[in-house]
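Structures follow.
The two complexes that follow have chain A in common; it is paired with chain B in the first and with chain C in the second.
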Partner chain A sequence: MLSRIEAKAAGSKGPARRLRLTDFDLTLPALGLLVLFFVVPVAILLARSVSEPVPGLGNYAELLGSSTYLRIFANTFLVSGLVTFVSLLIGFPVAWALAVMPSRAASVVFAILLLSMWTNLLARTYAWMVLLQRTGVVNKLLIGLGLIDKPLPLVNNLTGVTIGMTYIMLPFIILPLYGVIRKIDPAILQAAALCGANRWQALVRVLLPLAMPGMAAGALMVFVMSLGYFVTPALLGGTANMMLAELIAQFVQSLVNWGMGGAAALVLLVVTLALYAVQLRFFGTDRMGGR
Partner chain B sequence: MSQPFLQIRGIRKEYGPVTAVHDVSLDVAQGEFLTFLGPSGSGKSTTLYILAGFEDPTRGDIMLKGQSLLSTPSHKRNIGMVFQRYTLFPHLSVGENIAFPLKVRRLAKAEIDAKVRDMLKLVRLEGFEDRKPAQMSGGQQQRVALARALAYDPPLLLMDEPLSALDKKLREEIQHEIRRIHQQTEVTILYVTHDQEEALRLSDRIAVFSKGVIDQIGTGPELYANPATRFVAEFIGDSDFLPCDLVTAANGKAEIALAGTTLIPNVPVHGKPVAGGKAALMLRPERLHLMRSAPGGSTALPVTVSDVTFLGNNIHVATQTAKGDALAIRLPFGHEAISSLSRGDSVWLGFDPASAHVFC
Partner chain C sequence: MKKILVLAAAAATIATAMPATAADLVFSSWGGTTQDAQKIAWAEKFTEKTGINVLQDGPTDYGKLKAMVEAAAVVWDVVDVEGDYAAQAGKNGLLEKLDFSVIDKSKLDPRFVTDYSVGSFYYSFVIGCNKDAVDACPKTWADLFDTEKFPGKRAFYKWSAPGVIEAALLADGVPADKLYPLDLDRAFKKLDTIKPDIIWWSGGAQSQQLLASAEAPFGSLWNGRMTALAQSGINVETSWEQNITAADSLVVPKGAKNKEAAMQFIALATSPQAQADLAKATGYAPINLDSPKLMDEALAKSLPDAQTASQVNADMNYWAENRDAIGERWYAWQAK
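Entry: the complex of A and B
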């Protein structure tokens, strides 16, 4: 018996090999996929952005030098920021309610959340168009209640984009926040109350700081997704407030200008990576442990 | 005499059809250390949570210095509490945790700093001010929690099984700390535990909870020497119960018949004695004495030794009566009978009827 074990250990080097496999080798397929479908296309795009129509940084100079394009950048950041802010404002109470409500009720709310996430994006966006248009349900309701006289311009502008995108982004705020809030021991909030903290103080001094990693993760996700969002801004936004993704689509599809399209896409990628770096710096994996 | 410091008056708590606390009433003196002792589900924690304001009683009232507490929300009650689980704010340092109740009370910074220093000194954690809770042991965290709960000089400190997550040695160490801090601060403490040893070690008085009612309140020695119910007798100290028949009962004393024949007069009796009814005789292992032969005159039971266990400072001898009931006796180390005692020996266990109890 003993000799068999020794023989196995000496001969095949089995256990040692298997251990190493879990370290790095298992990531190879995913890594290969990433290289093939992400790194290579991005590299091609990068190459075209500095080579078409003429070699050099001309595309970048035009993109960052023109006030029209800069306005599109500014608008993209404005919309993304607004959507992130409003999503946090609405998402936090929802995540909190989900974390404290009885599990049966919570599962119903989750079902609603997921169902809306799984519904076709285009269908949801068109639904908002119908709801928000001049003679739509929202305007009719507000007029019927006597709150306004004339229909509000809720679509084909910043308002429409913000409403439509906030709705789509909400689950991406709620889900990570829910995970973080659920892990907070309710006894910690009871302790805060007995220490003399009223609801507001408990929220600001205890609950929000403890939920911060979830808020940061959700906010980054929503902001980055919003930066590159296409369908909703294209349908609910007006021509006056075009977003970056629409610009890229126009360069590539209408103008067949791969150089400018590539340059715009790369600016977007660089901004995204920079934001991710900021998040890692402040909310890195080991921040919760307090070390 | 003026009114009691804290009065709990007929507190009742119902959760749907389940009654967790049955009309509990209790007075607590200022500076007293009172422990709620009982098994889980006996209503002791619920009573504490009602005092903290986390639960509203279905009925009853709580008066602190003559003022009802019930309409005051938790954060305005000015009560300190140490919880069973670790409840330090994980994102704040030890110093910031202790300063938290003072900051929400908007005290001046110099005052807060001075108080934090005092509190760290009180719990003997000077120098730990900048640590995060995650960098401290469970015992240290509970000491910080104690400092945080005492930082605002609450008139009343609630402690809900604060040591149950710690190992035995650490628990005893912190029990001593809690005693010292109680003596030093003179704060009134209500302490919840299911550990009788902890209750006896710490408390001035103990309220024994069973099924939502207080069976008995008294000092440790009172509960040990004079348990009002069989539950209290079982919970405080070790005890064995032998089935017996009640012959007569009067003035709190009973005459009982054990194993059908032996008549034992003058045993303190509790409950509702009915002549001729069934009862249980309680005997504590440390109050029995061992005899080799039938005694003349004193009350004794013939038993057979079933096991002898050495426990360090004493020896536990398990025996059986002729009817098969277990009866244990504890002998001090060095007792002359020990070396000769072995399994299967027939011996006699003598006791003083006045130190025994009969429960009906």
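Entry: the complex of A and C
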């Protein structure tokens, strides 16, 4: 591999061209792996959606013609949207604080963020179950403080899913936002103040627009990841809050109806790709992750 | 030197990641305390007797099983599945016929024997209640469906399987001997009346957690889980009134690599002593009719075997025929 890169480097005309070619070459092992273990199996599953139980688009007609399944689609978008919104609301101040914090303090916060990401997803979700249940810490605390009389229903519903998923998604919004906000020259905010902007104006008219690429990249990432989420909604939500990924799992594992499973998976894939296309169109790959 | 170390590490990684060698038997079940008990009561005894190593895998996944058979790359040799699935999968050509010259079926509970499967253990859906959390405990299915007399959340099994639909019909006054064919319209109408008060449990551990924490102070649980809760010191009550039985089955996927060893394994697993040992460890009932003789009396009394007075048997053949249709309707109703 190395000698091939060198050969190419020697034979190429300019530095830009040389870089592009070798870049692509270097992605080949990863691409090969993806094609073999991801693209091919997905293609096979999708092929079954138009061939099982009989050839045709029957599975899609059933999927898109049923009010139950449409409700699951709607719920998937609702939950993803809600999680994205709450993540932004919480993530923005955190990213901002990280950007202006002394670096030692910031590294402590980063360590906490990353540690939570490295902890097993299932363990984290069960932890929320214990915290949020009727006799859980949160309800006991609120009752103890005299704020409520009887336990709030915090799990097995939309509240539980939103809390659990927001917690898991936060790092994915904080990290790109942090990257963008850190690049903003603090002098710009000083300039805004000098020009007479109060703190609110400085935030809304200067900081927010400048941080927009990071917000959009993070929000889209969280939204798209949420669309396909499985474990957390299954454990913290009720069956009335079922999401698309759970439906697919049900088709594949419990009903062993792979035609319908493939059809549902294709719908999810198309939506995800469409959103990704929007992201590319408006923000481009180079602006993702705040680079 | 460094290179050698790296190579050694890589070799070690590959070695540990290697799939079972042909001589090993692979057994898949549902994890948790039940599979631990199966390992001790069955697998370790089997290895002692035959010298064949048994690898534990799981959880059982019907999608995976189908994929293995279709791809002719069957990793599992013996699989613990739900009884209704076993009856259906046998008909759909996903399973090997069992060799009853190796497996002695004369003493096996005939309710759970088909050409393709024998019982693994059997259990009852009972009405469980956390006595510390409520003033009064529901005693019958009708009680459990009565949200006025018994306010609060109730726990029910999430997946489409024998148990909940039967309970709804019994609660609605259908006589036990008139349950089948299931009147699904009536069952779902009855379920509608308590739907907002249901918390679904998807696994045994979760059902115990719901009851113990009083998140749902009562519900329909597997009897073995109630036994375990009582043993752990939680003040629970079990009502066996019209307990609904269902079974797990042992099957061999079509094209299993160690078919002969698989038959021997099933023969041992369903033998009187192995079934008695499993019942002792799990609180589920043995499917070998000779097993109760081998157990002490107190234990035998705590099993579904001793609760046959009002017992209702879920009809596995009906379920096998209608599993897909009921399943689709079940999940659609749940998501509504």
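Note that the second predicted complex is superposed on the first by the 261 of 291 C-alpha atoms of A that agree within 3 Å, B and C clash if a C-alpha of one lies under 4 Å from a C-alpha of the other, contacts with A are read in each partner's own complex, and residues count from 1 in each chain.
FYI, contacts are C-beta pairs under 8 Å (C-beta built on N, C-alpha and C of every residue); 3 or more make two chains touch, one makes a residue touch a chain.
All values derive from a computational prediction rather than experimental measurement.
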- prompt: Given the superposition on chain A, are chain B and chain C in a clash or a fit?
  reply: fit
- request: Give one of first, second, both or neither to describe whether A:Asn139 is in contact with chain B, with chain C, with both, or with none.
  value: neither
Field: Partner chain in contact with A:Arg205 - chain B first, chain C second, else both or neither
entry: first
Field: Centroid geometry (CA): angle chain B/chain A/chain C, rounded to a multiple of 10 degrees
entry: 150
Message: I'd like to know which partner A:Gly196 touches here: chain B for first, chain C for second, both or neither.
response: first
Task: Quick one: classify A:Ser87 as touching chain B (first), chain C (second), both or neither.
output: neither
- prompt: What is the contact status of A:Asn156 with respect to chain B (first) and chain C (second): first, second, both, or neither?
  reply: second
Task: Could you look at A:Gly238 and tell me whether it touches chain B, chain C, both or neither (first, second, both, neither)?
output: second
- prompt: Rounded to the nearest angstrom, what is the minimum C-alpha distance from chain B to chain C in the superposition?
  reply: 46
- line: The chain A residues in contact with chain B across the complex are 185, 187-188, 190-198, 201-202, 205-206, 209-210, 212, 288-291
Residues of chain A defined as touching chain C within the complex: 66, 68, 71-72, 129, 133-136, 155-156, 234, 238-240, 242, 247, 250, 252-258
Query: Can you name the residues of chain B that touch chain A in the complex?
result: 52-54, 73-81, 83-85, 87, 89-91, 100-101, 103-105, 132-135, 145, 148-149, 152
Field: Complex interface listing, chain C residues touching chain A
entry: 61-64, 66, 158-160, 199-200, 202, 209, 213-215, 324, 327-328, 331-332, 334-336
